[in-house]
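One structure below.
Should a chain be cited, it is by its letter among A, B, C and D, assigned in written order, with residues numbered from 1 in that chain.
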Amino acid sequence: MQLGMIGLGRMGANMVRRLMQAGHQCVVSDLNPQSVSALVTEGAIGAADIADLLSKLEKPRAVWLMLPAAITGKVARQIASQMEPGDILIDGGNSNYRDAVDLAAEFASKGISYVDVGTSGGVWGLQRGYSLMVGGPFEAVKTMDPILASLAPGHDGSGGTPGTTDTASQGYLHCGPPGAGHFVKMVHNGIEYGIMAAYAEGLNILKAADAGNEKRAADAETAPLHNPEYYRFDIDLAAVTEVWRHGSVIGSWLLDLTAQTLKDDATLSRFGGKVSDSGEGRWTLQAAIETGVPAPVLSSALFNRFASRDNDEFANKLLSAMRYSFGGHEEK
Amino acid sequence: MQLGMIGLGRMGANMVRRLMQAGHQCVVSDLNPQSVSALVTEGAIGAADIADLLSKLEKPRAVWLMLPAAITGKVARQIASQMEPGDILIDGGNSNYRDAVDLAAEFASKGISYVDVGTSGGVWGLQRGYSLMVGGPFEAVKTMDPILASLAPGHDGSGGTPGTTDTASQGYLHCGPPGAGHFVKMVHNGIEYGIMAAYAEGLNILKAADAGNEKRAADAETAPLHNPEYYRFDIDLAAVTEVWRHGSVIGSWLLDLTAQTLKDDATLSRFGGKVSDSGEGRWTLQAAIETGVPAPVLSSALFNRFASRDNDEFANKLLSAMRYSFGGHEEK
Amino acid sequence: MQLGMIGLGRMGANMVRRLMQAGHQCVVSDLNPQSVSALVTEGAIGAADIADLLSKLEKPRAVWLMLPAAITGKVARQIASQMEPGDILIDGGNSNYRDAVDLAAEFASKGISYVDVGTSGGVWGLQRGYSLMVGGPFEAVKTMDPILASLAPGHDGSGGTPGTTDTASQGYLHCGPPGAGHFVKMVHNGIEYGIMAAYAEGLNILKAADAGNEKRAADAETAPLHNPEYYRFDIDLAAVTEVWRHGSVIGSWLLDLTAQTLKDDATLSRFGGKVSDSGEGRWTLQAAIETGVPAPVLSSALFNRFASRDNDEFANKLLSAMRYSFGGHEEK
Amino acid sequence: MQLGMIGLGRMGANMVRRLMQAGHQCVVSDLNPQSVSALVTEGAIGAADIADLLSKLEKPRAVWLMLPAAITGKVARQIASQMEPGDILIDGGNSNYRDAVDLAAEFASKGISYVDVGTSGGVWGLQRGYSLMVGGPFEAVKTMDPILASLAPGHDGSGGTPGTTDTASQGYLHCGPPGAGHFVKMVHNGIEYGIMAAYAEGLNILKAADAGNEKRAADAETAPLHNPEYYRFDIDLAAVTEVWRHGSVIGSWLLDLTAQTLKDDATLSRFGGKVSDSGEGRWTLQAAIETGVPAPVLSSALFNRFASRDNDEFANKLLSAMRYSFGGHEEK
């Protein structure tokens, strides 16, 4: 079928490619004309702006947004104002699910369906397919089925859980009414933060397994290491992550990538350690807090990212200041 | 080759089966004679006790222990006292790696090699193979290679990380001197706790996505839910875990099992929620603490397990008592 | 001066008493007529409803709300609709500061000043005075100064930080524009949760100092206690909290109360351990999350309260289910 | 009475001064001869070394060690080897309580009593008195009573919890057999870390209350701030900590010090934010972990200190590397 795609970053561009490979026709637009022309050379139809894009689609039209969360709402309203009853507008980005709840209600009054799709798969989605979590009105989601089926992995080698007959085993799922797709994707990313942190903390402990070989200061500001003889290991992290990939309980796709990364550069020298967060981890915790659900692991993972960007600096200065004020402790 | 196996629980018995399928000869012993006779009918040689087992093995002998951590050290010393120089004793259980460091030094003086093998794979290892993290003297580990190679998955379908040529890509790895195997397995399990908790917390948040449909008390002891309209989703957890298996960033073997579990019984009615921990998570944190490595996610996961067994009860009573004493708050 | 007080629960009633002791005249109202008549016998002027209360106050009027957060906004709007330009409406309860930001803007257009006062001190405030964190327009806060000064502890024995000349050293502070008072009080309560949890966790560890005297199961589901000889203490928690009150670094008012509580009943038998939270801890974390500030201690304290009310039950069942599915582990 | 003091750092020297003010005679020794001569000018008897110190004390002798944890055990054994039955050796430093358990048993066989005293009060102890948590044999602790009573605050203005008649209300307590004193002090410091972190996190959130005034990037790597209008406060932290000192629930001695610190320098410019930990926080968590007691708040506080010293760097690089590998995310 035909689809308009607005936003041709890493995700949007690859999704267009995967759709065209499956035989769909894509009309594409982006603030950056080079992003458009690159895809035009691969078979897409370029559009100069929203009006142009809408004019190049047959009615009823389906337009997919793949934009940063901070601007999605504004663009969605611009497009909806130029759409007609029966058209479908899809937000496939990492927006707050509350926006989908609100915008869907707003657009529904004009007869326009708003569909929110949580899209996981990253830069590998072109090849592996994307895992799609979909929220929205039943009819609109049904209309989009050919697109969703093509973006998703489909009946991949791994096979579904035995007995599964719905689309979930092909990698896409209608999770519920507007907002449900982004809600599920939000929690997906919250979990992702937690899993990533679990690996990172564990590998950091393995890296420190040689602590007994270092000399430690014997002053009142330094905790002594009582049994250095138990910390004299020199662990090969690339090899360990590789062995875990085969038969262990913690095997995962993230581990596959991590093993490759450590094999390529065990010191991770090109990274500085300032870890971004793009919103979903925050919103996941807000949902946990509002509904009274404990989420200590997911929150620790998020707060570590904040701290990696030095947002804990003032708190740490305060701790040093308190230690000085009650105990005369100077910072080391 | 020939191997003695002591401890025929879920893990030990299946490992014997996998070894026999690969053509190895196993002499087996267990406190429970029925566990022994069951494996004898499958081709193993039964032994009445340690002395009998040692007498039925050709020298130099290799004996593998698969026992609860609390008794492994005692049994290891009993066996070692009846062994001869050149013999190899292996601990494949979930022991504290410090025991391996100590016992290896103790036995080395008698010419006996002590090898510690972290064994991951659970009840699925018979079929999938076990991921093996090995510590010990180079020669002894080399001698054990045929056994390790048979227990490990080998060149499974998943393939190693491109460029990998060592045994890690077949699922077993000599991690370092005595203790290194159990150290790596310890951290593996610490990570496992974190990953499990990440999924569990996230799914619990999804389960609470319908909180806006409930009526909430409007008293001073209850936090109000400001926007109930954003919490009216009824999420199908079995379907969601299934869709995440296909193309998402958080795909993993644990997720595969979880999807199946939720498909079989979405309410998990047969479980009460008292979560055991078997030691490695604790030791992982002790290593983190002693070496000064932050591990907030792994510690949160561990502490939650403690709390699931109500070990937080007195602390919670104290909190209620404080609230009463300063604010007159009665427990709801 | 004259003040109307609506909401005569534990906090509101005592505040009226403290104000009357200082010579102020209070017109009081509550849904419960007995709460009103009780204060009338102590010298307050009773009012049947909002209209009655407003009619009994001289203009410009000042009305203080001391109500559960869930209904404050609604009542505030009712009153404001009956007020006139120049009147002052004060919310002294535990409302979300965002409500104050919104309501103040809404009422300002009608010439009514909205003042938000965070009020700490609990049931002891009548005797000790209340610590007051105030947000609102400068003129209105200035008008309320006699009331604030009387509610606050004033120049109590403890004395201000040397060099302090403003009202903070008397226990009340104009923190900023509308919302600032409740924002500061919100964070105050977030800190309170953290401090309470720190004491509770520590005392729980002291209580478990006799763990080495218990027999522990030696199975694969139970982590062994390696050195029981180090856990044979029988600590008197009431005596310990008492000794900490004198000269230690962790002396505090909460500790004073805790020592008394434990002296009265060391087993805390009248409490069940279901710990309520009334909103501010949640909002503190939402502020932390939105502004990217790490708050792992405050979040742990909050999530523990959630878990004390068994909101972690489904997550824990999932963990047990995962353990069963990969390792055949039965719950103990 | 007479006391030998070894270790004249901040704590040891002030304790000698307080004891001399109470009329006790102190024989003092330190590796630094200037520390000795300074106290000699104030009335102490100087000693060149252990033998000299022991020779200047009447039998039975009492010697107090105030040394870094890393060397206390070694020095204790040196002194004990030169002592006689009936002598008392006291460790007042921040040693691991396990050392006291072990050393007390070792020295008891020679008739020497080992007493462990947890000493809280910091640089203020000289003036305020020290809170003392004591472990050791009943007779030896009784013998030391005059010294303990003089070091402790005694019947200070604050008064004991009503009904308290034992020494706890004067600031010293015999907590139990050898090790009990250091065990209780260990947990005291664990709690201290938690309380400090609660204040620090909360104040950091207050500091960020102006986040809505900053411009935020609108890219896929940055979480948007949905409601900047709620984050436009400019909070005076010195004033806020001052107001909390008067009547609030979170009043404490640490808060008193913090208010003074912020008044002196609101930016804390002389501190860098590398927060030391001296061991007790670590040991508190080890006790929690070994006895299965949840301590998420105390552990978060400890791990933050580790992270403040950049021990999380490798973990953070891993997180960035994972984000790059699955999503092509570049670090900002």
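Here is the rule we use: a residue touches a chain if its C-beta (ideal position, glycine included) is under 8 Å from a C-beta of that chain, and two chains touch if they have at least 3 such contacts.
Note that the coordinates shown come from a computational prediction; the quantities given were computed from them, not determined experimentally.
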item	value
Pair joined by more contacting C-beta pairs (A-D or B-D)	A-D
Identity of the chain that, by mean CA position, is farthest from chain D	A
Rounded Å distance between chain B and chain D, as computed from the means of their C-alpha atoms	37
Euclidean distance of C-alpha centroids - chain C vs chain D, Å	29
Approximate Å spacing (C-alpha centroids) for the pair chain A, chain D	43
Overlap residues in chain D, where contacts from two or more other chains coincide	122, 197, 199, 201, 203-204, 208, 223, 226, 249, 253-254, 260, 282, 290, 292-296, 300, 303-304, 307, 311-312, 315, 326-327
Touching residues on chain B, where the partner in the complex is chain C	9-10, 68-71, 94, 96, 122-124, 196-197, 199-201, 203-204, 207-208, 216, 218-224, 226, 253-254, 257-258, 260-261, 268, 271-279, 282, 296, 300, 304-305, 307-308, 311-329, 331-332
Residue ranges of chain C in contact with chain D within the complex	97-98, 101, 120-122, 125, 128-133, 152-153, 156, 158, 160-164, 166-173, 175-177, 179-180, 183-184, 187-188, 190-195, 197-199, 201-206, 208-209, 211, 223, 225-227, 229-236, 239-240, 242-256, 259-260, 263, 284, 287-288, 290-298, 300-301, 303-304
Chain C contact footprint on chain A (complex, rising order)	249, 282, 285-286, 289-290, 292-296, 299-300, 302-304, 306-307, 309, 311-312, 315, 326-327
